[in-house]
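All remarks here apply to the structure that follows.
Lettered A, B and C in written order, each chain numbered from 1.
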């Protein structure tokens, strides 16, 4: 396990209120770079909210108030005057249910590329092929690149979403329970992919299956009712939990 | 990047202009009618009928039109409701094949979109066939009923569709039959939508001119039987406007004012009722 | 029936209302000669009677109720086809007198001389509808995008009633406003601006203007519905790649909501095509193709409204007008059907 000392993302006293309900309370976390961090905790405790605050996607909902600092590579992304789309470009996001854009397979991956870079057709095709190869989809779709993306199976769609996310070369990949809608084989494929991708990207994975976290995580953050109970490197966390609530959760007493 | 932002800003400007234009249109219409109609309004004009020279600039009022419109729209709405609720309840999955139900819904939607003048012509055809000329209350009601049936039925249908299936299942598991559940449970849950639908139909019926233009003729008096001709608010407006005298024309605005107020009142009542009956709804 | 059953039945308030209804119905029939109210109250009585006695056998009640609903629904379907049949039947008269091509392609409409050419009117209808859609669609679309995506929550709440109220305003009122505002505007300001100094204000353009306002609510509410039904995760997917809000709208939301927008346009077209009263008040009622947009004309719908009074003196005119109504019905039917099919086909392709 690579022990990297750099911290990619850090939050300081992050508080999030949605519809006047406090969802995240005084969050202080540090996400290490180029490792796989798992955010775990029972359902409804704010894991997705935390994830979506990293790329400022939270703000598109109504009635959301965010206070505190989120520091990415030394810059507080919550300060005003920053170009939000550029911030978002640094982070890719895949959701629970794969949501391919209403375009062809090729266009899905090329979507981000077309917006940000002026690539000619040849460069575009190469880039799309690279991304699809990275996620292991290329061999399955190379003959039907211009079919609608909705025709793929759910597992393939999720891999497509990953390809789409890495096409714009982000630094961080945010994953919101990416395997919960998939059958076991497809889920396994995604997990293997994430392990491969963490060499080049920082991966943050929200999951509510403890076992998945144990399989893939390098660093763990435990969220319970909007508060960070414990965080640390995976080995320490699973073998030597310090907090009583952590111990209870790991033992399956609270879920 | 600048190019992207500029494009966005241009369109944002266009959007705001559109919204402003659209809201402005409504305000314009209401203002125009109110400003022109209010001066001509008086107690006299509201409580007298149009006999004795109303059309020629003398006194009198349009009470006969008000009564006429009510006698047209109320029975039509009642009939349309009875028919509509029967159909809407029947369209639920429990009673018939969903594909047939969808076919019926398509038919209803098409009927909703049919211009009201077609219903007027339909009734006119029947009137000619039985040798009636001039128009009558009965056929006016018929035309309005036909007009309102699709509106009311689809509104009720939509609110019934929103009843969660779990609710019906609970009722069935307690031993209730399909018809009973339909009547008691579904109806109560969908009540606000039903009321809104009825009001929508009524508003349409009282304001529509094309369907009754061809079927009710005109009269200076209150209709006393179904075969009488009758005045109605929309047709009265049309009559007044075609008179050469400017003073008489202005009375048209007073009538329009009353019509507009009725429609606005219906809107407000619908909103209020919807909010109030949602108290009982289980979400 | 046992005595206890009878007394419990009598105590039931429904029975009392029922008896009262029966009583009232006969009063209305014999004293006031009002057939309609007689039938109404009789119906009430019968329904209540049925409701109370049949309740004793629930299964029978259930079947009867179901049968009743089926009967009513079947009658409605029957009525739908009857409508078409009556219209076709009524048109047979004129179709036997004049050839179809003459009807549709001749421009002379002189009922008193026996000439029934609809071509001019058809062209006018198409022009008026096209212009009004041209004006209404972009404005409605832009408004809908703004309301769905950009507007703050409070703004959205205020705007909703505007749309609903506009949808409920009767067409006569629109016509009256157009008479008051648009006719002088066209006559005094706009037509001279475009070089036509002799416009009376009653013109194709005036009709298009008022039609565009009448058609807003339909297009906007349908567009809003489709925009709002785009799943938020789709927006998130686009934004997370670094697209701006506007780019997301352009490329993703439009695609996903596209069928809804198309359906809205079809439905709006149908409404504009068939609008009778407001148009007939400001279009000038002349069955010809004017030299400019600011000249008078006539649409298919307004033709019926202006000509129906002569029906008693020219019997075959009735048939001609019925034929026009048939055309209106068929065209609107096709457009609504199209709208439906578009919605269904698209929802199959992009399943969310």
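Heads up, the rule we're going with is that contacts are C-beta pairs under 8 Å (C-beta built on N, C-alpha and C of every residue); 3 or more make two chains touch, one makes a residue touch a chain.
Computed from a predicted model, the values in this text were never measured in an experiment.
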{"item": "Chain whose Cα centroid lies at the greatest distance from that of chain C", "value": "A"}
{"item": "Innermost chain, taking as reference the mean of every protein Cα atom displayed", "value": "C"}
{"item": "Between chain B and chain C, centroid-to-centroid distance (C-alpha), Å", "value": "11"}
{"item": "Between chain B and chain A, distance of the C-alpha-averaged centres to the nearest whole Å", "value": "52"}
{"item": "Centre-to-centre distance between chain C and chain A (centres being mean Cα positions), rounded to whole Å", "value": "49"}
{"item": "Residues of chain C engaged with two or more neighbouring chains", "value": "244, 247"}
{"item": "Residues of chain C that touch chain A when the two form their complex", "value": "153, 231-244, 247, 251-252, 255-256, 349-352"}
{"item": "Touching residues on chain B, where the partner in the complex is chain C", "value": "4-5, 7-8, 11-12, 14-19, 21-23, 25-26, 28-29, 32-33, 36, 75, 78, 83, 86-87, 89-91, 95-96, 104, 106-111, 113-118, 120-122, 124-126, 128, 133, 138, 141, 146, 149, 153, 177-180, 182-183, 200, 203-204, 206-210, 213-214, 225-226, 234, 237-238, 241, 252-253, 256, 259-260, 263-264, 266-267, 271"}
{"item": "Footprint of chain C on chain A - complex, ascending", "value": "52, 55, 57, 60-63, 85-86, 88-93, 95, 97, 99, 101-103, 111-112, 115-116, 148, 150, 161, 164-165, 167-168, 174"}
{"item": "List of chain C residues in touch with chain B within their complex", "value": "33-36, 40, 58-59, 61-62, 65-66, 68-70, 72-73, 75-77, 79-80, 83, 86-87, 89-90, 138-140, 142-143, 145-147, 150, 159, 161-162, 164-166, 168-174, 176-177, 179-181, 213, 216, 220, 244-247, 267, 270-271, 273-277, 281, 301, 304-305, 308, 311-312, 318, 321-322, 325, 328-329, 332-333, 335-337, 340"}
